[in-house]
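Each of the next two complexes has subunit A plus one other chain: subunit B in the first, subunit C in the second.
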Partner chain A sequence: MQLLKRKSIIFAVLILVPIVIFFVSLGIGRYTIPLDRSCKILFSQIFDIQQTWEDVEKTVIINLRLPRILLALLIGAGLSVSGASFQGMFRNPLVSPHILGVSSGAGFGGVIAMILFKNSSLVFISAFCFGLLSILIAFFFSKTKRKITTLSLVLSGVIVSAFFTSLISLVKFVADPVDELPSIVFWLMGSFSGASYEKVKLIAIPMIGCITILFLLRWRINILSLGEDDVKALGLNPNTLRWLVILPVTVIVSLSVSVSGMIGWVGLAIPHICRMIVGNDHRILIPCSISVGAVYMMLMDDLARSLTAAEIPLGVLTALIGIIIFGFLLKRTRGGGLFES
Partner chain B sequence: MKKFFIVISMSLIFFSMVFSSKTIVDQRGKEVVLKDNIQRIVTLPMPAPALLFAIDPSGDKLVGMHPASMSALKASVLKKMAPLMAQADTSFVKSGFEVNVEELLKLKPDVVLQWCDKGDKIIEPLDRSGIPVIGLKYGTQEDLETWLRIFGELLDKQQGAEKIIKFHRERISEFEKITVEISENDKPKILYLPYGSQLYTTGKDTYNDFYFALTGADNVASEISGWKIVTMEQIMLWNPDIIYVGNFVTEMPDDFTNNTFEGQDWSAIKAVKNNAVYKVPLGVYRWDPPSQESPLMWQWLLSIQHPELADYDIKTVTSEFYKAFYNYDLNDDEIAEIFQETRE
Partner chain C sequence: MKVEIKNASFSYSDSDYLFKDLDLSIRESDIVSILGPNGTGKTTFIKCILGLLNFRSGEIRINDRVFKKNSVFGYVPQTHNMNVPYTAFEMALMGRARFIGTFSKPGKNDMNITHQMMEKVGIIDLKDRMFNTLSGGERQLVLTARALASECGLLIMDEPTSALDFKNQYKTLNMIKEVAVEHRISILFTTHQPEHALYVSGKTLLMGGEHFNYFGETTEVISEENLKKIYGLNTKIVEISHEMGISKAVVPIME
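For the complex of A and B:
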């Protein structure tokens, strides 16, 4: 009974905090709008509320802030849960969702489309397709004697990642330094500044779908993290199970690179931070990663767009602040690693 | 009498020996020894060909340039004015400034102009190649004048360089006299977007901030420094009266007034409501950064920001400038091209 109560409290917190941060984020920005007014503007979209605000304020809240916050929420949750799943599956705390080269592949797909087509929807499609292509290449390299080990998978991921990273450098090299290079560099740096409802619509369903799959697999990830023998002992096929984890992660990473460039450190640091809070049990670690990832990304984007008049690159903030929190927690919990017990 | 002739001829020989080579101090502060009669020049800094053109409109001495200079040249009226320049080689360098030295040597340059403020990595290999290297930096009116002087010495056309510098200085003091009278309240709030919808803008300590102040405008981005990316929300907060779209992108004012950019909303901005979004003109080089045509940029800005103070027709002024400094008669199509009245 005590345990059940504790569990329901944790779940309530994990659901409530992102909602609170969502509304707080709506009230944060360079254009000062009080929190109550920004909430009213939001609810006026659904309910009939008498207009007490200026039209500009509505534009800021509905057209600029809301899609950005939604995008940050989805991608933060996605990258973080991907990281947690991968760390469990690979039984390695140093793994991030970028380990299999998906983000480099998607990054290359994006920059090549920027040079060839200069059309934002084609950039999205190309980035997404190259993300999927890179996992196929990794699969091809790792497959030996009809068997795939985690080691060969990680190694082929390193190959794919290095391959596409050098292709990105090649594209940067041939790009026109005045016309094309700045937009490529800016896109790769990672930012939600291009957020729009079109992008939210494009990614929302697959993103939520993949996050749900990982959430449903949380118990099986626990078994995967124990090792191959235990999986077999329970009558499950480790290969099938692995691909059940890898595919949704691939989709999540490809989608996030497609709409917001490469945002580092979220998928590595947030699962660790969660592990220090709730422990190693993936049944609680996975939902915790979803919630904390979303909160973290929303807060970082709030800082990126409101701290100074100039926009601060998001990747800089996610890495810098993530590392500080991570280091602090590491010190306090005396390095609560993945397989300490 | 015989002695006198000997002295004269000796000194002539002496002088010709000295003057068969010349020394130019570059922007690294380095004394660069060059041969007297420079015939083959290679440039890496993007605006260099256009500035060389100001000193020597024939353009026949420029044998190599950066590919980005070439694409700027081909997009401007310069391709017609200096057809020889358009034949220069660009194969020795790609998007960065790291030169393939052997490819460069094939061009047999007498001198190479390279950036000196973008790291030693790009200039040292050139120094080692044995070709005289003039290091350059860019960004202020002072740098611009230094460039013109250096190019003047390089091509033995010091007078031409001084003529342009004098023209610039006269215009600056004229403008200062005019704009000092304008009260702060009458200065329109302007926003400059060099890369259009990427939302880069230029704050204090930039050349752009300098000329916006010079022409009686209030640059909204003065609160930040250098080139920075800002958010759409920040622009709504600034709410500029006038927007200038730069020449580093192909985006046009219509794209802003029609609100075509995903994730951005320009409809509430005063400049868009009042149809005051302008594309920066493109002369022999982009008018955004410093060049010999900068005074024309200032006059263009004044005619938009304070039409009551601009008692001239900017197109006539431009034609006169081209006649006076390049000895070139612009036709109506070329003028329309400079002021980018139509989409390419």
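For the complex of A and C:
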């Protein structure tokens, strides 16, 4: 009973905190709007509320901030749950969702489209397709004698990642240094400044779908984390199970790079921070990662758009702050004990 | 469960066979032991049966059918030195995996069965301990409970007594006996102690390299002559009568 109570408290916190942060974020930015007014503006979209705000406030919240916050929420949750799943599956705490080279592939797809087509929807499509392509390449290299081991998968991920990173450098080199290079560099650093309802609509359903799949697989990920022999001895097929995890993660990472560039460290640091708080059982770790990832990304985006007059690239912020929090927690909890000897 | 293995061979290269043309048959509730010097392929043989490795040739028949998937075998490996960040109960609960849908998690029934099996094996007190803080012997017992929770027809144990003290060795052997009868499952285990084979197993497979494999009734297979052939060691097998009956002991005779 005590345990059940504790569990429901944890779940309540995991659901409530993102909601609170969501509403708070609406008011934060260069143009500050009080919480009650921003909530009223949001609900006026659904309910009939007498207008007590200025039109410009409504534009800021509905047209600018809301799509950004929704994207941040989705992508934060997605990257973080991907990281948690991969760390469990690869049995390695140093793994991030970028390990298989998907984000480098998607990054390359994005920058090449920026140079060739200069059209933002083509950038999105190209980035997404190259993300999927890179997992196919990783799959091709890791397949030896009709068998795939996690080690060969990680190694071929390193190959794919290095390959596309070099190609990105090549694109940067040939790009016009006045016109194209700055936009490529900023795009790669990650930002939600290009957020729109189109993008939210495009990614919302696949993103939520993939997060749900990983959420439902959470007990299976516990088993996967025991290693291949154990999975087989328990009568399950490790290969099928692995791809059930890899595919949603690939889609999540490709989508997130497509709409917001490369945002690092969320998928590595957040699951770790969650491990240190709730432990290593993925049944609780996965929901925790979803919630904390969403909260973290919304907060980082709040900072990115409010700290200085010019926007700070989001990827820089997530890495900087993520590392600092991570470092302090590491020192306090001595690592949290994932697969350490 | 009736399990038959016919003409099983294994080699890492094309010429050097670890074992060749092995036959083994296990009937329901049978306890079969595998005995042999280090490096003769006992663990490899077990892994092949489990499908973790593949026989070079040979087939496995279960209840007279050729068998493809290993989901019906429980496995207790020799050392589980991997550091698992779960409690003993969580670990044992994973035995239920094949009854639980890919997208769901264990329910009340699974918890109850796991609880029962941990009680049966005598480790219910360790329930909430972290698996990686347990001793080698305790880990093996947790994995035994996990295998039992999987409702396997054949339980395969790799040296279940090697990490245990003198008393716990026999406690485990007695548990093996009980489990085989009560759950009507067959048990295959490896050991380095001929006396353990004599104590619990009806049949024994002696593995002594490519050309020396004997399978049959334990009392016939474990003979002074066969032990000499396989270990190159002189032994005397003696019978000792006591108030509970007769026990056999294998005494090495050193020059």
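Operating definition for what follows: the second predicted complex is superposed on the first by the 339 of 341 C-alpha atoms of A that agree within 3 Å, B and C clash if a C-alpha of one lies under 4 Å from a C-alpha of the other, contacts with A are read in each partner's own complex, and residues count from 1 in each chain.
Everything below uses one rule, namely that a contact is a pair of C-beta atoms (placed from the backbone, for glycine too) under 8 Å apart; a residue touches a chain by one contact, two chains touch by 3 or more.
Since we're looking at a predicted model, the values are computed, not measured.
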Of the two partner chains, subunit B (first) and subunit C (second), which one does A:281 touch, if any: first, second, both, or neither?
second
Scan A:227 for contacts with subunit B and subunit C and give back first, second, both or neither.
second
Name the contact category of A:206: first (subunit B only), second (subunit C only), both, or neither.
neither
Now for A:236: first (subunit B), second (subunit C), both, or neither, which partner does it touch?
second
Of the partners subunit B and subunit C, which touch A:218 in the superposed model: first, second, both, neither?
second
Contact residues of subunit A, present in both the subunit B and the subunit C interface:
none
Subunit C partner contacts - residues on subunit A that touch it in the complex:
213, 216-220, 222-223, 225-227, 229-230, 232-236, 241, 244, 279-281, 283, 337-341
Residue set of subunit A touching subunit B in the complex reads 29-31, 55-56, 59-60, 63-65, 67-68, 120, 172-179, 181-183, 186, 193-196, 198-199, 305, 308-311
Write out the stretch or stretches of subunit C touching subunit A in their complex.
50-52, 69-75, 77, 82-86, 90, 94-95, 97-98, 100, 102-106, 146, 150
Residue positions on subunit B within touch of subunit A in the complex are 46, 67-68, 71-72, 94-96, 195, 198-200, 203, 221, 223-224, 228-234, 236-237, 248-250, 262-265, 267-268
